[in-house]
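What follows are several structures.
First chain A sits with chain B, and in the next complex the same chain sits with chain C.
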Partner chain A sequence: MGVELPTTEFSDIPDELWLELEAHAHEAAEGHSAVVRLLDEKGGFAAGSKLADAVRALNPEDLRAMYRDMAMIRRFDIEATALQRQGQLSLWVPLRGQEAAQIGSGRATQPQDYLFPTYREHGVALTRGVELGELLRLFRGLSNGGWDPRETGFHLYTLVLAAQVPHAVGYAMGIQRDAARAEARGEDPGDPGAVVAYFGDGASSEGDVHESMVFAASFKAPVVFFCQNNQWAISVPAEVQSRIPLFNRAKGYGFPGVRVDGNDVLAVYAVTQWALARARAGKGPVLIEAYTYRQGAHTTADDPTKYRLSDEERMWLERDPVSRFEAYLRAEGIADDAFFADVAAAGDALAAKARADILSFEAPSLEDAFANVYAEPHPLVAEELAWHREYEAGFADTESAVDADRAQEGGR
Partner chain B sequence: MTKQIFTLPDVGEGLTEAEIVAWKVKPGDTVAINDIICEIETAKSLVELPSPYAGTVLDLLAPEHQTIEVGSPIIAIGEGADDGVGAPSGAASSASVVGSPSALGESLDSPVPVMHEPGIESGPLVGSGPKADAAKRRPRRAAPSSARQVPPPVPAREPEAVWSPLNKPEAPAAVAPTQPAAEVTAPAQAPNAVVGLLSRVLAKPPVRRIAKELGINLEDVPATGARGEVTRADLESYQAQREREQDAAPTFWEPAKKAQQQRVEVIPVRGVRKATAKAMVDSAFSAPHVSIFVDVDASRTMEFVQRLKKSRDFEGIKVSPLLILAKAVIWAAARNPSVNSQWVSAPGGDEIHVKHFMNLGIAAATPRGLLVPNIKDAQDLSLKELAIALNELATTARAGKTKPADMQDGTLTITNIGALGIDIGTPIINPGEVAIVAFGTIKQKPWVVSGEVIPRWITTLGGSFDHRVVDGDLSARFMADVAAIMEEPALLLD
Partner chain C sequence: MPTMTIAKAINAGLRTALAGDESVLLMGEDIGTLGGVYRVTEGLKSEFGGDRVIDSPLAESGIIGTSIGLSLRGYRPVAEIQFDGFVFPGFNQITTQLAKLHARSKGQLTVPVTIRIPYGGGIGSVEHHSESPEALFAHTAGLRIITPSNAHDAYWMTQQAIASEDPVIVFEPKRRYWLKGEVDTEDPGTSADPFRAHVLREGTDATVVAYGPLVPVALAAAEAAAEDGRSVEVIDLRSISPIDFDTVIASVEKTGRLVVAHEAPTFGGIGGEIASRVSERAFLSLEAPVIRVGGFHMPYPVAKVEEHYLPDIDRILEALDRAFSY
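Let's look at the complex of A and B:
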């Protein structure tokens, strides 16, 4: 006796602390829901905002280019949807309504940055210089990717929900380590790069996103979590995904979170630019929640009329990002009718080119698969390729057989 | 002016059909690319289809409000002569892939445009999801160095077997049944080191040696090991099976050796076989069956049976677990009377007749075939009387002396399929009844009791019920009651 055993029981919570916790819990459950916005729904500019300077640094040409991107990608999206309906694509993932969130964030990135998209970031792809026709290869089932991500800093699409987010954090940590190593060797690390991890409100419920945010916070990784909250995870509404406004979650991980009007291209641009600058400066991650709306279906295999009301769709149409920005450009005298007509014509040309591209795509042969096994030549792969060629050459459908086939066809 | 056919696409990841809700165009209309031509309803959604071609609508090939398959032609559009953008380029590229434009045009001008099977390269991806691969193989060239002689492909058939965009594999081409066999044998013999490496069966050296001694080709042995490795156990079981087959073979195949035409024995369906067949068909197709199963720890039943066998009261009487099950069924039916009933289709409307007596049927294999004699008023019998009745019933049935009256007016049946070591099956209800209980074999199995795995006597009970009368809830209660008695026969004292 006399030895005091350690206890696992805690003394009770003092009353005053209890009340404070209760009050705090209540407050936290509400969350704050302030939205950063520079353009109101009529296109009026909030000149007093702290972020307005980022926009003032843009010249009229930049602003027009921003609009052009938005309009072009919308036109491309319409064409791709039509191509799917015509049986030329197995699937298409429309982005209509999210142009501002994508063009604004994409245009805020630097060439040395690296972006991890979901499968809907067609607008971001445009800003990174990805050949848009190449996007269609994936949706036509011809390729698992379609472009070389190293050329554009735009990673391949990831169809598995949220799987790209840990990759993005890992890439960001790699950037950190490369820089540290270069510094240790006394070399110039070059312009610091940062990473953007795109995901949606639905993916925010996945464990991958949680783990990514824990690591990003712990290592102060140069990554911007860019969540496009388009209100619907297929048919599940965003308020079911999160009881508090989504960006509040960042607080729990220990980095800033901000909600931006995702249909305001200037605000998205300014906020993303700020977050990327912060990440490059070694201050760690930021969560941006771009509050936007998916005007169309989740994919071409989905029918949104089954789960949401047309009143809601109408309300969001009034907040349309493209027409809002057009109103701003017209009001400021930055663009005129000729400019908009020119953009519309360029959009039609882009759509026609996409249609021509897709019809000219050739299916890859099985032989191409051998090229993607190892980075360098490998004797076993070479041997197997030789065997495959011999096997393929062993079929009897020679030219003469095909000719005979055609002759029979013609005579029918 | 060339005619272009638009076939119904798969607009939603694996759809096979859709219904045209409304046409938005009619023959004679001019359409541009992406003009809406019709609205279709799929299993997933209502979708507007945009035209892939510009030109004049020549014909609507599918009516409204009719379900059509993905890949069926729905509209014919004649290409406008002045149109130089979009569609012509698409048409030209697709034509260049599938063949000469004239050949394409001709095939499309035929009254039924079935030929426009999409090419892989640029045709529409219709039916990309569900359609299975071509089952037919392409013919192989005879390898010059091949050991066996493969007959050269028959020239006349060759084009049909060639798989090309123009000639779809499902084309109604009759292929001689012998030809695929020849095709299949050819690739196996390509004398190539890689092929040998890939086709070599995995097995450890001792296993190879045993196989060699026994004269077994390892390729014939079904492999269960990791990565398809043939294990020693595989080899032993293969050898055991081979011995059994060799032993059985002469008797089993004997009739065939005598006369080739006796390879199939023809048995006229008469008597009990005919009656059984009719009863089973009637029951299976008039009463919607629902079957449920329950695993039961019958250890106490086994103990109980042992005690009964030793008791002086039951001397000379055969006692088996079936007796306990019979008693359990009677007990459970008394608690759930609706399972002991009959569905009667009367002129004034259907009726359910609930029987307040139990004529317990026991399915019995007899020399004449399957018979289901029943024990009349089984609810009134004591355990001993029931045991005697069961014995009599079985003896009579086995002797082939079951009288028609013994088989009439059954109200509920037990089938003891466990007698032959069968775990459980889905019984078919005896016509005129609404429930049947199948009794699986009782054998020792590992069972978890109070968190420990111990050997217990386990059986599986199965019940089929006529869902017109017995709902899931009732069938579950009844089976649970039967199971409860098998678990604890003492409850019969209740």
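Let's look at the complex of A and C:
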């Protein structure tokens, strides 16, 4: 992999933590809808569990890095939303409110892992080393991405809801086969990676999620299903998608499901690491339901006042993932004013860079679109490209004639 | 040169591909232990193992979707859809994902997935087992679609599809699975390019273009027309996307008359595409309008009447009569 990814190196998950999460998943399967949470809404830390002990032992440097990611992506998101308002983007899909779910899970992955996002996973993109300006290409109408999925292990966004989920399972089946073949050749497969499939509460109703879970369970594929339940699918509340807590569905497929407080970055991190470790160990898939909230509109084209109450929005603002983590870092003496000021300045710089990037992007031409319809030469595409060139060339004449007219006019 | 049925030729093609490239995998419903409902994959699981010849859960979107994921990881999956009428649960994955990923990624990603679909009627089957949905896929850029009409092509096209860096759908003429023919397993000969049409019979008065299951019917119609003193050229289109228009147009420029025959309904079908291309490129060569022979605009009918629905020798001859009457 060409890019050095900014993943956090934590020690292996201790056995006791493993057991605790297994017990949690088991409890969940028994129908208790307990949520894994470490930070309360005021940033208070729930000590007294193995999970808590393990998180307590985390390196302060890594904790600060996690916060930095969350704050940076929030700042970037604000800038992108503004850029859309100013007509520089045709659309933006805000992630505000989901920073902990995205940074916590993204930071739990390793460079050799491969992640399949939907379209709101800008925070995950950051943890995978995706140049954030590249996200803007998509929403400016320049390309369908811009980053190299193979370099970053971060797939292109997929706008057809849930369609990427079976891809994730297939990719994980490929990882299994790679490992089996290396072993058959007498080689050490090392850690060939695991896969994370991101999707929303709305997408969870799609048949592709069901089929993916069946395949993943049957083949014990090393894949983590990461569902961000942000309570809404545009205007439709999560209760319309599922009458039971979503993570409980895992039980029906025969693998563990866990609900984690998606606004608690430490809990999300720990649970995702556990699920990935489990997948790497050949124990098959896990469904994580990150219980969170979309603080903003569905997209910049949406008006949430049409379908949800401001009381609800206020309640969730009190659970804000970024300020909650900030409160924790301050209370623990892990970060001080200087640190937060530094992060804010870095965020502003990132925002300024996004604004500058957007104007520097080269405009695409329709001609580019002919280039990769097929990987191998195709007569129809070649014929239509030739026609298109000739047609456009006809206008070049007109344009130069018009230019000449104008020049003449100016000369008159 | 060995003689084999089309089904056996596909089986042999799959075996050669599996043996020649470790990244080739087969996936589908009942393809492993059973060897497929038409036994096309018979023996392959015991030869290459369940890890490479995978009996999948019963879910077409899952089959295509996981095949896409496997291809992103460097594999070359061959997905079998059990019958034509059951490809639709996988239609979304084929058209919105498989067909587009190469373009969406600006060429960074390739998805060399092959999809095998037995298609067409004439086997007296129940609903959804006799359809010809090829035009629905041909309309989608990013896919390649081929269909063999004989055992030699079946053997080679299967391997060519797997070797292609593009996604390829192979529509297999299921009522011809038991049609025998010689297969040169050493040399594809004129079948080296799966996207080229073949002139199977030369003629001077009219051209009949057909593909897949109707190729033997078109040849028989040409034979019958010869008895009436009409010299009919027969083209096996072989590839539905891309279409080898050059071969078709060269023929029409010679004969001046064209009949296109397929089992699929004529409305919005491949025949219409060929007719419009020919009228654009060879208008002055035409002695008559291009005439289409195909299914009617209705759901595929019940088996007891399918012989009246499916184009047969007489329907092609009737179309030729019309072409000659201009």
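Please note the rule applied: the second predicted complex is superposed on the first by the 329 of 412 C-alpha atoms of A that agree within 3 Å, B and C clash if a C-alpha of one lies under 4 Å from a C-alpha of the other, contacts with A are read in each partner's own complex, and residues count from 1 in each chain.
Definition applied: a contact is a pair of C-beta atoms (placed from the backbone, for glycine too) under 8 Å apart; a residue touches a chain by one contact, two chains touch by 3 or more.
Everything quoted here is computed from the prediction, not taken from an experiment.
Of the two partner chains placed by superposition, A:Asp191 touches none, neither chain B nor chain C. When the two structures are aligned on the shared chain, A:Gly394 is found in touch with chain B, with no touch to chain C.
When the shared chain is aligned, chain B comes close enough to touch A:Thr305, but chain C does not.
By the document's definition of touching, of the two partners only chain C reaches A:Glu376; chain B does not. When the two structures are aligned on the shared chain, A:Asn144 is found in touch with chain C, with no touch to chain B. Residue contacts after overlaying the shared chain place A:Leu359 against chain B, while chain C stays out of touching range.
Legend: residue contacts after superposition of the two complexes on their common chain; A:Ser212 is shown touching chain C, with no touch to chain B.
Residues common to the contacts of chain A with chain B and with chain C across the two structures: none. Contact residues of chain A toward chain B in the complex are 78-79, 82, 84-91, 140-141, 297, 299-303, 305-306, 352, 355-356, 359-363, 383-384, 387, 390-391, 394-397, 401-402, 404-406, 408-410, 412.
Interface residues of chain A, counted against chain C in their complex, comprise 114, 143-145, 148-150, 155-156, 158, 160, 163-175, 177-178, 180-181, 207-208, 211-212, 214-215, 218, 368-369, 371-376, 378-381. By the touch rule above, chain C contacts chain A in their complex via residues 22, 25, 51, 56-57, 59, 61-62, 64-75, 77, 89, 92-93, 96-97, 101-110, 112, 141-142, 144, 164-166, 195, 241-245. For chain B in complex with chain A, the touching residues are 6-13, 33-34, 44-52, 85-86, 89-90, 93-94, 99-100, 102-103, 106-107, 110, 118, 120-122, 124-126, 128-129, 138-141, 143, 153, 155, 158-159, 162-164, 166-167, 187, 190, 192, 194-195.
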